[in-house]
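Okay, so chain A shows up in both of these, paired with chain B first and chain C after.
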Partner chain A sequence: MRRQIPLLITFVVGVIMLFEAFIPHPPFDQLNESLSITFDVLAAFAFMLGGGNLAKIHLTKISRSEPGWGYSAVTMAGFFAMLAVGLFKVGGPSGVKHALEAEGSWFQAAYDYCFLPLSATTFSLLAFFVASASYRAFRAKNREATVLLIAALIILLGRTLVGTALTETLPGSLELLFGALLAYLAWEQYRSKRWVSLSLIGAVGAFVLIRTLYGYLILAGGGDFYLLTVPDLVNWIMVVPQLAGQRAIMIGICLGIISMSLRLILGVERSYLGSDND
Partner chain B sequence: MAETETPSMMERLQAIDRRWIFLFIMLAVVIPLAFDLTIDEVATPEVQAIYDRIEELPPGSNVLLPFDYGPESEPELQPMADSYVRHLCRRKQKLFFMCLWATGQAQTLKTVDHVLEQEFSDYSYGRDYVMLGFRPGGQGVIQVVVSDFRTLYQSDVEGTPIDEIPIMQNVKGLKDMDLILNISGGFPGLKEWIQFGGDRTGVPVAGGVTAVQAPLLYPYYPGQLSGIMGGLKAAAEYESLLIQGYSEAYGTDTERFAAIRRMGPQTLAHLVIILFLVVGNIAYFASRGSSREQRKSLEK
Partner chain C sequence: MNEQTRRLLVVGAVGLVVLFALVWSALGQMEGFWVSGAGLGTWFAAFLTLSILSFLYDDNPFYRFAESLFIGVSAAYWMVQGIWQQLIPNMLGRLAPAFVNEHMAQVPLDVDPVDRSMALVQLVLGCLLLWRLAPKGTWIARWPLAVIVGWAAGTNLTRYLVSDFTKQVSPAMIPLVEPSQTAFLGIDWIGTLTALVTVFGLLAALIYFFFSVEHKGFLGQVSRGGIWILMITFGAAFGYTVMGRIALLVGRMEFLFVDWLQVIGP
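Right, the complex of A and B next:
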């Protein structure tokens, strides 16, 4: 019975929510709203549970003087201080009636002068560590890493105005760069496939040269010749290969969610109930 | 005793002390700030789409502004929040602030204090804008406010009953909004507003997120998402659009536009990272080549 009732509740709630997605009319929409409110109430209780858990873990650490207990003491001091000024609305203009963020409230002051700068500082450190890590680890060790590195460099350039300026002042420079890269790759195959390699280098060289010269001639004549720019390339990376990858991941995740939800609704997946020994 | 081999320059470059990298990044951030280096941005179509969407709204439209972020993403997201409010106030729209993050209300207050109250003194609380505040529950909150705000919000942040607030008189649920303009630093955020808010009600959704989040949201643009702003660059692009569109109000004043001012340090920091990436790879290939030659000579 201890297991049947939660399984039944899961089944009924799951089926209601499923039906509501396809039939957004009474009584399903009302039931969905009621269940959502229940979820929100439970979510509010989760705050208490989270706070209690935090206090339990850190107070145990402090009482046992475990390594790093000093950090736990700071955490607890911050936690209880914020809890006290928030609960009793210390320093506010009209006792406990005012909003937490009202002018003069200690809660808002603690948020503005402690929490905010500390959070921003911690997050800012990322810039330093990302730079250091990318210098050490981001190497063109194989083909995949090279593609990733080139894409990252283009995106990084595109996120600055230098990317725009580079291809605006020197139209065709990006094509030249890609041409050089292709030519280098072809040159690497020179020993094994001499004629294929030479023809590829020749074709790339001729195409880039003719296209760039043609482009500059039109530009000199006051015309508008479309040449590849860094922002265009960034946009293409974001909306074509990146988007395709994201969609594939999303579809995979969604299929996983659907199968997991069906397992939960049908009672196949029971791990959330805990073990029989509990 | 074996003779210790002195590492080549390329090997030394590969094993450079990371404090040098930290120093370069610090200089890349500090120098543009010290010299107030600002850069004008050209808007990308995703950013332009949000600007145009707000321009197309008739004055007096209801715009929901859920600010779902905290201080850790404030440098990227606060300029977006400020720009949205500036633009919406210039267009005389009605603003409804709320948040799914506990830290969101404090961030909302920053925009209200620094932008709305300072620059738009004709905007009155309760008549032109309201702060509904935070409610726990994440996407559960969105599902409830789809049909009725009053189910979860009996009062605003100041404790005033919702029914006594003039701006709420003609508003029941999310369907009464003309636009949802979310700013999100993670979960719950823009994705949840699309899935549980916009898709269910048909209300257009647009918004801004951190640069690392933006790629995850591109699959929703332009179908379910009217426009998207990713990171500081997009915020600077929006500010540039505002300066161009409302030149009579802002002129060449970039002092109040935080994203444009912050793009200088970001640009230089990106360039430093690019430089390090290139140098690191050159050193890697050079040292790999020299070690190959050494191996060959040993074999001979």
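Right, the complex of A and C next:
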């Protein structure tokens, strides 16, 4: 009983939602709307459950004077203060019918002067940790890590003013850089005497360098010639190889979600029910 | 450096900043916390910002205070939002529309009987979910959980099938050669390269995720190309994440130096 009924509920609700996708007519569309609202309401109850659980844990810690109970008291003070000003809509226009974010409301003040600085600063701390983690992870240890590093650097350059300034003051610098990179690769290939790849890389490198020099001549003569800029390269990366990889990841995630959803609806996956000891 | 010295260093640094701010505000260069409610709020926000940033040096009581406060405040914030945005208009407003309309929020007075019944079901399910906090019989909370799981499974199956599968596969089915009237050999070379990378990049990355066959020989080479495409994707994602975090940090610095200390003009 304790496990069968929830499994049945999951099956019925899941099948109704599946039917609604293929038969968007009464009664399935109405059921879908009702169940969507039920989901939102239950999500709100879940927030209450989370809050209640937090209070239960910290109040127990305070009552037992466990180590660190002072910090639990701070947590509870913040929790109950925010709850009180939010639920009773303290401050702002008279009555409780006004919006939570109304002018002069204490809830909005608590958001502006407490919640917002705390969340923004906590997430901004990640900038430092990402920097130190990337220093360890991105030392170009192998080719794959080098590709990741170069892509990240190009994106960082191209989406800031530095990238634009770089190619505006030094037109063709990207082509020269690319040509130099290919020349270096060709030199490396020459040492291992892989003639096919050497010829290919050398030809592309030579083409890039000759094209850039030709572009300089045209531009010096007052003509018009397109030379690659960092923002253009970033746009191309974002729209072509980045999107291709992202699509592959999304397709993979989708297949995973479909299989997990089917497992849940058919009752194969039961881990969300917890243990039998509950 | 032992724990005691490190703590003293953090406390000393924070004390110096506060002392500077006090002197600065006493000189009339910035708003003191005693001037207005907004001034007090700004000082408190600055204290919390500095407390969180102090973690960059080491774990310390200021950081722990701010972290504990953050946990409590954010739990209550989302709880209040859930109550006022969902529970009151969508559940209570349908069960007792006249009462809610008079005392809480504007809701339609004319409620469909089916909606009212559904609101009652929601109330019962919600109470069952909260039963999880009770010392005994917590298994009853599985019923509302089953509704949440069933809804999410049924909705996501079809939603992701459309948004993450069909809508991702169809834009990848494009001509591999891009013709051009003016370009060399009648081919737009950049467009063709773009189409080739779009199609074969996706295929290569998908092959990397295909584990039913061992990645050896030709398949291994293609899978290696897939890794390169995925690395570019991760590099781009990483670049954007770093930029987002730096933007947040700039925002906090702007708050400290412009809004609080007012040493830089807006």
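The rule is simple: the second predicted complex is superposed on the first by the 229 of 278 C-alpha atoms of A that agree within 3 Å, B and C clash if a C-alpha of one lies under 4 Å from a C-alpha of the other, contacts with A are read in each partner's own complex, and residues count from 1 in each chain.
We take it that contacts are C-beta pairs under 8 Å (C-beta built on N, C-alpha and C of every residue); 3 or more make two chains touch, one makes a residue touch a chain.
Everything quoted here is computed from the prediction, not taken from an experiment.
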- [ ] For A:110, select first, second, both or neither according to whether it touches chain B, chain C, the two together, or no partner.
- [x] second
TODO: In the overlay, answer first, second, both or neither for which of chain B and chain C A:37 touches.
DONE: both
Open item on the list: For A:136 in the superposed arrangement: first (chain B), second (chain C), both or neither?
Closed with: first
Open item on the list: Counting residues of chain A touched by each partner, does chain B or chain C come out ahead?
Closed with: C
Task: First (chain B), second (chain C), both or neither touched by A:120 - done: both
Task: First (chain B), second (chain C), both or neither touched by A:54 - done: second
- [ ] Return first, second, both or neither, reflecting whether A:80 touches chain B, chain C, both chains, or no partner chain.
- [x] second
Open item on the list: Contacts for A:161 in the overlay, against chain B (first) and chain C (second): which applies, first, second, both or neither?
Closed with: first
- [ ] Please indicate which partner A:25 is in contact with in the superposed arrangement: first for chain B, second for chain C, both, or neither.
- [x] neither
TODO: Could you look at A:246 and tell me whether it touches chain B, chain C, both or neither (first, second, both, neither)?
DONE: both
Task: Overlap of chain C and chain B interfaces on chain A (superposed complexes) - done: 36-37, 39-40, 43-44, 46-47, 97, 100, 111-112, 115-117, 119-120, 122-124, 127-128, 130-131, 134, 149, 152-153, 156, 159-160, 238-239, 242-243, 246-247, 250
Task: Complex contact set, residues of chain A against chain C - done: 2-3, 5-7, 9-18, 20-22, 30, 34-54, 56, 71-72, 74-83, 86-87, 96-97, 100, 107, 109-128, 130-131, 134, 143-145, 147-156, 159-160, 236-255, 257-258, 260-262, 264-265, 272-274, 278
Open item on the list: For the complex, give me every residue of chain A touching chain B.
Closed with: 24, 29, 32-33, 36-37, 39-40, 43-44, 46-47, 97-102, 108, 111-112, 115-117, 119-120, 122-124, 127-128, 130-132, 134-136, 138-141, 149, 152-153, 156-157, 159-162, 164, 231, 235, 238-239, 242-243, 246-247, 250
Open item on the list: Show me the residue ranges of chain B that touch chain A in the complex, using the header's touch definition.
Closed with: 16, 18, 21-22, 24-26, 29, 39, 41-42, 44, 70-75, 103, 105-106, 109, 133, 135-138, 140-141, 143-144, 147, 151-152, 157-159, 200, 211, 215-216, 218-219, 231, 233, 263, 266-267, 269-274, 276-281, 284-285
Open item on the list: Which stretch or stretches of chain C touch chain A in the complex?
Closed with: 37, 41-42, 44-46, 48-49, 52-53, 55-56, 64-87, 90-91, 103-106, 114-115, 118, 121-122, 125-126, 129-130, 132-133, 138-139, 142-158, 160-161, 163-165, 168-169, 172, 194, 197-198, 201-202, 205-206, 208-209, 226-236, 238-243, 245-246, 248-249, 251-252, 255
